[in-house]
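Every chain is named by a letter (A, B, C and D) in the order it is written, and numbering of its residues begins at 1.
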Amino acid sequence: MFSNILIYFVVIPVIMLAGLALCRNIKQIRAVAVTGSLALTALSIYLLVDYLGLRAAGHTEQMLFTGAWDWFKPLHIQLAVGVDGISVAMLILSSIILLTGSFASWKINPLPKEFFLWLILLSTGVFGFFISIDLFTMFMFYEVALIPMYLLIGVWGSGNKNYSAMKLTLMLMGGSAFLMLGLIGIYYHSSANPETLTWNLLEISQNGAISKGWQYFLFPMTFVGFGVLGAMFPFHTWSPDGHASAPTAVSMLHAGVLMKLGGYGCFRVAIYLMPEAANDLAWIFLILTGISVVYGAFSACVQTDLKYINAYSSVSHCGLVLFAILMLNTTAMTGAIMQMLSHGLMTALFFALIGMIYGRTHTRDITKMGGLMKIMPFLAVCYVIAGMASLGLPGLSGFVAEMTIFVGSFEHADMFHRVFTIVACCSIVITAVYILRVVGKLLLGPVQDEHHLKLTDAEWWERTATVTLIISVAAIGCFPNFFADLIRWTFSSDIFSVIGMN
Amino acid sequence: MEATIPVLILAIPLFMFLFLGLLGKFMSHKMAGILGTAGMGVTLLLAYFTAYVYFFSGTPEFVDAAGNRLQFVVFNVDWLQFYENLVIRLGFLLDPISAMMLVVITTISFMVHLYSNGYMRDHHGVYEHGFQRIYAFLALFSFSMLGLVVATNIFQMYIFWELVGASSYLLIGFYYVKPSAVSASKKAFIVTRFADLGFLIGILILSYYTGTFSFTDLTSVNVATDTFAVNLGTADHIKNIFANSAVPVFMGGSVLTWALVLIFMGGMGKSAMLPLHIWLPDAMEGPTPVSALIHAATMVVAGVYLVARLFPLYLMETTALEIITVVGAVTALYAAMVACTQLDIKRVLAFSTISQIAFMMVSLGVARPEFHEGLGYMASMFHLFTHAMFKALLFLCAGAIIHAVGSNDYTSMHGLRKHMPVTHITFLIGCLAIAGIIPFSGFFSKDEILSSCLGHGWVPYVWMSFVAGLTAFYMFRLYFLIFWWKEHKVPQGHHQPHDQAWPMTVPLVILAAITCVAGFIPFGKLVSWDGVSYDFMAHFDWSVASVSLLVAVVAILIAMKMYMKENPLPEKMRNALPALWTWCYHRFYWDELYMFITHKIIFNGICRPIAWFDRHIIDGTMDGFAYVTNKASYAIRGLQSGKIQMYVWVYLIGVLLLGLVTAICLL
Amino acid sequence: MDITILYYLVPSLIMFCCGVYGFITRRNMIAMLISLELMLNAVDINFVVFNRFLYPENMEGMFFTLFAIAIAAAETALAIAIIINVFRSAKNISVSDLSKMKH
Amino acid sequence: MDYSQFLAMKQEISLLVLFLLVFLSDTFASNRGCKTIGGLTCVLFGLFTLWGFCPVVIGSDTVTAFEGMYETSPAIVAIKNILNVGVLIVLIQSLKWTASENQVIRRGEFYELLLLTLFGMYLMMSGRHFLVFVIGLECASLPLAAMVAFNKHRYESHEAAAKYILTAVFSSAVLLMGLSFVYGLTGSLYYGHIADSMFSASTSNIVMLVVALAFVISGLGFKLSLVPFHLWTADVYQGAPTSVTSYLSVISKGSAAFAFLVILWQVFGQVYSEAWEWMLYALIILTITIGNLFAIRQQNLKRFLAFSSISQAGYIMLGIIGDNAMGEAALMFYILVYIFSNLAAFGVIGAIENNCGKVSMTDYNGLYKTNPRLAVTMMLAMFSLAGIPPFAGFFSKFFIFTSAINQGSVAIYVLVLIALINTIISLYYYLLVVKAMFIKEEDEFTVAPFRSALTERIGMWVCVAGILGLGLVSWFYDSLLSVVGF
């Protein structure tokens, strides 16, 4: 079991938890957090290299590094792991964001130990989710990742935190209620022979035993279940409040990684296992996601709280992810995953910067701030870069992702898809509007509040966090083909032949 | 030709950007200025060399036996693959116009780099805050612009198109403490961004049907004599696609028309065509050298360049060309009229820029192979070249004047000719050129534009000639008001205005020199839409020339009469047609209109309601569930009354219901 | 006339209902206890009658009745004890006062 | 008659022996010596619990005795063992309380009554004849009334006891009425015979049977506190001493649930789909929803847990739907996990109550600052009850849903969906407790830091271990599934 590299993505966090439990002072806590997340990052990069090596060596299985160990044998529940390009990309994303997140919460108080314990528990869930290909374990890790949010927001949050924390937790749990029903339903239709029912994604997709009628019932269940976490209109309202109240690192991890669980699950479970239903019902969700793309962008234009602006832009960008996934063709779906990567990184960058600015000015209201470019040039420049990434400047990650999505979506020649693609394209203009609005009000112009004049620029750990993120954003933006190829492999496989996907 | 030099042409500015951007604050201002200028100088030399090799080396890869220019892809690397045939490549395409643009861009850019050394300090030689930053941004801009013109495929062009937009945003907002500068930069970015949306959709449509991004494939259309060495396969393919009846027709226009019009929309944005022109006058908030480089010479002609790039495609769908003509003509007149009334020196120049670009657009719009083998195409490229030179010259002069006087408003200037002779002469040369006085470069290019208009019909010819007259008039109004009108009196606490230090004057002189001689370049030999080189003097139409010359002279005389000596004539004029003057002065209220649309309609009419809807309806529903649950739990608390007998009642009712209901169901 | 089973069942049913009625209406806990006894006795009658009339071959019902009586006795004893306890602490045995804990 | 068949009921007999030992030692011990009775009981009961795990006791297959009046099988032994473990924890947790000065005069009564009720529950689960069942039922519920009234000096205790005994007798009267009809219709009280005679029964008889069945269900629903037979629960839980409450909430519920399962399937299995499937659906939905709705508003933690236990009972019922080993195993597993989670919660409540007599949720504000360990234990209990992974509650919930959906009809999907949506409400109120302890700032009412007694801590440690281990270690569920099966 421990010969499988993937297991260590869960083992390391668990070890970190143990280590944190023993920590006595803040120094040790930081040490554990940073070493652990560094180890995870290294591991994920090693995994990437290894994965590419195997693919180059001509391994053409759907998943690599697969392993399955019986857990609840009578129910055919296994601890089954395996990765393809998408999971690898997601693992890298998560580890990077965890690393930067622990840097960003360098001076967290009160109760730093508990904070990191919950944070690591959360990331345990995240990593576990991305490596597992058994529906049960997947779901278990999914919920492990959700619950810590409640305390992380409730205890360390700001503003209207009780309300937000409760709302976020309950809404996400509502999603997972549908999800659980959907998953159990899938289990009972996973195989024609009741003796060989299975939770294993790959086997289910191979059996293809889910009848169309049941797909029509189970697809919406699972898609909505995951879609709630993907901030799909109209189930997105947890996200603005939640993000606004959450502490920096949590916003980073949540918007950067946790919301990706939604998109990933929508693809990996809902569409991967029930392609016919996806093909027939996609239009409903296309309408919803298409709405949320422009809707989020428009409502971001009028917000005055930095975090609300960013939360709504996340709604818009994640809407684009689901939108592209539902296009059901290789290019668009590749774009969707790249958008996940890109949005994860840049929104984490955004939240990190917002947290740092908030930590100095103690306000997030853009009308109360101004001219920060003069006061804290480093943070301001980073913010501009993040903004440029988010409005899709070439050379940064946003552009490649969005372009891939648009080109892919445009492959559908019928009026419906065309119209919604063009609607989605409009979001790039609106994005520019609200990003520049923030940049103009917040960073440029004269200094609003002379108390801000004596504020300091970023400390070294903050610089580390932001620079790491910027570099990864630029890396995707400058060498997109590398990532595109990594991801595209999955879609170009034959699983989608059922719906005649190219 | 091997790829090293082209790569360097792109790499050096990029490197300078990163270098100055990251390490700029660790080096002295002077150092940064010198490094930046030097870097640009090297690029200049390399670009000149490349252009020289392309035009004059005569190697078979550039010129075929018949002496026709060929397109040559120096290198082309995959950047992002969508699927098999749809790939974004980053490459370097050499053909007449890109070579020409290399020269233009590097020249102006170098001049501006040099000029900024002087401009970006005050009279005591103290460097402005962020001096290194402007060099970094200039380098970034040069990189993006060069990348744009050498693009091998339309998506690469789009990429660098966005990059120039961003760098222009950064440069306009250079004085980021000034709110006006901030809003101007925002406006510029968003307006162009909106235009780029059209560009993007156009690209999507085009690439979907043609299945390619590459220019060499797209423009390989054998209309008359196909001489570009590209595969005819795609050419026919493209023609077939759009001939094909299966291709849907949307709102009357064929798909190709829509694609081309949308792409042109992108050009309208960058080239400030009506109605997307509003950002350019405000963009003058940036430092004057920047205006000279970006908003006069290079970036704003990107739209023209784009249309020229896809010209063969446009020839396939002349409806789009008609649209271009109309838009260009209207814009030209509009901008010229507005320019006649503005008081801010840079605004006048800005509007004249708009008007001149409109000239180029028109001449592209009217260009047809049937008439003088597409003279208009060559003319517009020629005008692009000459205009870049003299408009940059004018802007740099303006910069010198502003630097000397410390104000943009020329009511505070007047009679500077004694104080700043060099500036005076060079400015005059610029004015003569733009007015189209022989033998300055503007004369030739504008004349060809007019004759190609004539080739298209009388209406455009007359219209554009009138605009040309207006141009001469407002330029000389500007000239006389600055340098004559009345004696200059120095405001208190100001020093005497004087010519600037050599870094600022040298570029003026050089550009003035170019302006004087550029007209005699045999442009037709170098640039033509299909690479067939011809002698345009063969098409030179003396009647057209003399008429335009006459118009220009008359216009200048009127300007002289009105503005040379201080006199009440202008007042009289203004009072004669107050309405017209007011409308022109307020730029026909375009900005107000946009304010209304963006603010009242979009912001208050869409964004706010949506935000409200989100908070109160959607969020309200979610909270509503919680509220209802709570209410329910209060509503039923009476059930737990604490009275045993009540409990037993409920118990009994439960039992009986359970039993009887099922019993009834059974029966 | 011969005595059919109904002659026993109807009274037992009436008894049961009386018990229920009393239990629900009486305020005095002792009275409620008595009504409970009525209900239990009605059950006993049922068992005996069914056994006697329908299944005379074995004595199941009879035995059940015996046990039921015993249980009823035990319940009553315990209930009385508790009621006395309540009386000690509350100084009355009206069931209406027995609702301190609610909602 | 053949006396060897007494050997079938090893656990009952050994339990009686244990009871006698405790009783005698209580009777003859000196006033000083009687202080050790609690400890003695715990030790003896620990041994007894271990004895339950011996292969001899478990046996291999179903054994009946007394013409089928009594039956034991590995499954039944397993559920008994589960209950034993729970009882053991309850005993350990109640040591401190019974040793407190106003309880010490009672000497060992608490333990004796408790053991008796346990004996009754054994009979409830093992009885295959309604006489045995009824005796077990009464034997399980009557001593409980005495235990509820145990707190001599608290009025609530007496009120609770009175409510309990009166309603209990009423419900048993109704139950007996139902049984009398069953007897009248089928002529027998053996489970087996009744089931057989249902084949031959005419429709009208079936209808009568259904009405009778409603009476029987109500009797069991009372023990299990299903809505609408649940109204006594909250008051009794609140009034009774905490140890008794915890005993009521887990052990007697668990046994009743299992007995319910046995009776429904072995006696009325024939008329499942036509008669009581829908009854059960209605009961489940009502129970879960009403329980949740009431729990939202509760401030007194014992009352709060009463309502939460009501809705938990609803989830347990889901295990009965769908006649399969999976369901039975899921039900037993649920009971096991539920015992550990609930006892952890009651352990904390009891510890705090014994220390300063505070049971209101507002007293728990900022508990984490003052007593972190108790707070964490409580939080784990709440998460487990709410069904949050990786704690045991998640697994038990998941398995019970899976087993229910195995039944396969669309109706069951709807039912499970309703249950799942209810989990959101339940999560809400469980989080309220967590919020009080972790998020709210402490105020003057907050429990001051204190060190809980060793016994209490042992109890909590065991529970925490269970919460963490039962789910992740699949051995428990697998072994349960291996022994079940009718």
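Following the convention adopted for this analysis, contacts are C-beta pairs under 8 Å (C-beta built on N, C-alpha and C of every residue); 3 or more make two chains touch, one makes a residue touch a chain.
Treat the numbers as computed from the prediction; the structure is a model and nothing was measured.
Ranking all chains by how far their C-alpha centres lie from the centre of chain D, first place goes to B.
With A-B and A-D as the two chain pairs, more C-beta contacts join A-B. One finds 37 Å separating the Cα centroids of chain A and chain B.
Separation between the centroids of chain A and chain D, computed from CA atoms only, is 43 Å.
Spacing of chain C relative to chain D, judged by their CA centroids, is 27 angstrom.
Between the Cα centres of chain B and chain D there is a gap of 78 Å.
In chain C, the residues that touch at least two other chains are 23, 32, 98, 100-103.
Annotation for chain D: residues touching 2 or more other chains are 162-163, 166, 170, 174, 234-235, 297, 428.
Annotation for chain B: residues touching 2 or more other chains are 626, 637, 640, 642, 644, 648, 652. By the contact rule set out at the top, the touching chain pairs are A-B, A-D, B-C, B-D, C-D.
Listing the residues of chain C that touch chain D in their complex gives 16, 19, 23, 29, 32-33, 36, 39-40, 42-43, 46-47, 50-51, 54-55, 60-61, 63-64, 67-68, 71, 74-75, 78-79, 81-83, 85-86, 88-90, 98, 100-103.
Residues 71-75, 77, 136, 140-141, 143-144, 147, 150-151, 154-155, 161-162, 165-166, 169-170, 173-174, 177-178, 180-181, 184-185, 187-188, 217 of chain A are the ones touching chain D in the complex.
Residues of chain B that touch chain A in their complex: 78-83, 86, 88, 155, 159-160, 162-163, 166, 169, 173, 176-177, 179, 182-183, 186, 189-190, 193-194, 197, 200-201, 204-205, 207-208, 603, 606-608, 610-611, 614, 618-619, 621-623, 626.
Interface residues of chain D, counted against chain B in their complex, comprise 162-163, 166-167, 170-171, 174, 203, 206-207, 210-215, 217-218, 222, 227-229, 231-232, 234-235, 274-276, 278-279, 282-283, 290, 293-294, 296-297, 425, 428.
The residues of chain D lying in touch with chain A in their complex are 326, 383, 388-390, 394, 398-399, 401-402, 405-406, 408, 413, 416-417, 420-421, 423-424, 427-428, 431, 434-435, 438-439, 474, 477-478, 481.
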